[in-house]
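Input: structures, listed below.
Next come two complexes built around chain A: one with chain B, the other with chain C.
Let's turn to the complex of A and B:
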């Protein structure tokens, strides 16, 4: 999966499941300050990513470090690279 | 009417939430669909006989243990007499294929010794099972009195394995595998789906002590009712919630009852089936992913419950219980045929009204997991109006259950009088889970646990769906929820006085 494909997949899945506006979804936006997510949404975000990429996320510490949309893209890219 | 908090569902969890919040000075209301709070514990009257239903025995009720502290904190112990079950063989499993008996005892050493007596070559597996289960228990909030919620890992469940996978790792002996999975009956999720952590939390306390309550579930139900009255909690029994009100900023403002009455509150605790939220709230209150999570929740197993009575106590059910099962099925036990799957037998409270007042007889109860799908042809029918075909099917099931009891526990069969059956449809109509679940929605390995808080500010979840099923799970769930509202440390400090 190319970097662009990862970005598109992440953004589309999150936009759909969190009812976000795709146009606002640039890599530097903060999930919490800009997109209005909060700590309650962490589990839901994990569930969306697991569904979109068909993997299990067990890296709790890494997930807690995620702040921006770009962090998610990087997290997914790293995970896919580790799996292949 | 205006309250600090409205609690939906007057089961054990809802009633516990109400008592804890009142203790901290909140003005609380409880909405319950049935005519009494804790309806499952309350039992029912049929042909002038009161049958006890919901509570048979529990771990964690010993002095200073978790349920003992909860009970004393909530005032439930007043007028309540606890009695220990037999230390040796509080649970006995009759293996139908061999007629061998396997015993569970309590006290950590006795627990191991009893199983070792039946499986002399399996010491390593038995020791490791107990060690693992107890170390999980001792790491969990409330089960370990030093720990409260808030420190637990978000991903704990997802990193877990199933009970089935765990016992398969421990031993090749299918009969021992079945024995170690038998207590899935206490939470209603089969071994291939239940996370080991959850199973351990439910069964672990039974390694240390096992108590019953004189007067059974009915006594516990009366204690809850008395404590709620003393705490000035307003009860809206026989009422259903039809809608929740939410302001434009997604803050909860109250609930509407079927009578049209509105209860105003800035905090609402939902301690019934979590899926009902989708009926009561506008779509936009939750994100699509959360709505999907609620929709995907599955129920715990339903059951056939046989109620009967006897003129005198049955020795094999005196301060102990009996499980009948075909142990060679291993962990497949719960998907087995009607003739092979686990059947739990216990004595139960029973009261007969006579001309001279109330006469005590002995109740006998038999519980067996049953697939709700067998009853789908009649799911449009309600209690008291079932068609002939259903009654025939039920009669057949009753006959099959009695036949098993006759074969594997003849002394129980001989004593058993006037047995009648409750089916998954009965359970559905009384407990209000659409598929007749015994323990609410299921905690499954593949799913992330629900959180207390929701996106609707002021709306919280509680109940068996939250922490774990059963009496202990429902009460821990309630403390978890109240801790989220009031501060976990604050609740824990108050509870510490009852150690």
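Let's turn to the complex of A and C:
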């Protein structure tokens, strides 16, 4: 999966689940301050990403460090690279 | 706005706000006696008795606004409504909660944000009623306390949008209510309210006459949503039903719309 495909898949999955505007989903936006997600949404976000990429990430310590959309893209790319 | 409409609005605001203050003061003064009476009569614990008192207070609200606001409940009849369920409702106005007195059951625990607890005249009653302060509690605590309420035969009510809508349109749903329903294996009962955004939308202080409709939609069972991420699918299903119902409720014929705007 290319970097662009990862970005598109992440953004589409999150936009659908959290009813976000795709145009506002730039890598530097904060999930909490800009997109209005809360701690409970983080749990849902993990479920959505697991469904979109067919991997398990809920036990990963790095998930707690995610703050921006770009962090998610990087996290997913790293996870997919490690699995391949 | 015509002179008549303006006088009507002024009269409404004087009437409703002054009577609401009076009704609140009377309620606060009489509440200890009511709690004692309800505990003696029904053997209810304090929290259950206080929830009933709050419901009665809301009933009083429905009476005092009746000269200016026509309220109608429709949909599920009281005998079709499950005793224990998770209610979810769209949020348009500060006064949405007051109209929950239109529900047939009084044992409803509200899950609310922190700011309503800042109203000192309500705070004690909200605490005694064991309302869930979702911003202050961890989600584990909210689930545990919500499950306890449901296991005792009560219901929990959520505003899944989290905030009042600024444009009258239904907003994105948070998933807490649906997680609780799945975890406690309780049906979700969607409620749709219209008209309170005309009564008092966010950002305005003066009331306007209106028609308020509260529709109780059929319960949605959670049996098919016990799988991982099932609460997200449940959220989508419930929201789509509410969107459809709200569209139907607000899609009123032109002549009826004219009557609403002139009242």
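In this section, the second predicted complex is superposed on the first by the 81 of 84 C-alpha atoms of A that agree within 3 Å, B and C clash if a C-alpha of one lies under 4 Å from a C-alpha of the other, contacts with A are read in each partner's own complex, and residues count from 1 in each chain.
Here is the rule we use: a residue touches a chain if its C-beta (ideal position, glycine included) is under 8 Å from a C-beta of that chain, and two chains touch if they have at least 3 such contacts.
Since the model is a prediction, treat every value here as computed from it, not as a measurement.
J.: Would you sort A:17 into first (chain B), second (chain C), both or neither based on which partner it touches?
T.: both
J.: Check whether A:56 is in contact with chain B, with chain C, with both or with neither, and answer first, second, both or neither.
T.: In the superposition, A:56 touches chain B alone.
J.: Kindly classify A:80 by the partners it touches after superposition: chain B alone (first), chain C alone (second), both, or neither?
T.: After superposition on chain A, A:80 lies in contact with neither partner.
J.: Chain A residues in contact: does chain B have more, or chain C?
T.: Per-residue touch count on chain A favours B.
J.: Could you tell me if A:42 is touching chain B, chain C, both of them or neither one (first, second, both, neither)?
T.: A:42 sits against chain B, while chain C stays out of touch.
J.: Looking at A:29 after the superposition, I want to know if it touches chain B, chain C, both of them or none. Which is it: first, second, both, neither?
T.: Neither partner.
J.: Which parts of chain A are in contact with chain B and also with chain C?
T.: Common to the two interfaces on chain A: residues 17-19, 40-41, 43-44, 47-48.
J.: Where on chain A does chain C make contact in their complex?
T.: It is residues 17-19, 38-41, 43-44, 47-48, 51 of chain A that touch chain C.
J.: Quick check: in the complex, which residue numbers of chain C touch chain A?
T.: 139, 171-172, 174-176, 179, 228-229, 232
J.: With touch defined as at the start, can you tell me which chain A residues reach chain B in the complex?
T.: Residues 16-19, 40-44, 46-48, 56-58, 60, 63 of chain A touch chain B in their complex.
J.: In their shared complex, at which residues does chain B touch chain A?
T.: 153-155, 158-159, 287-290, 292-293, 448, 451, 453-455
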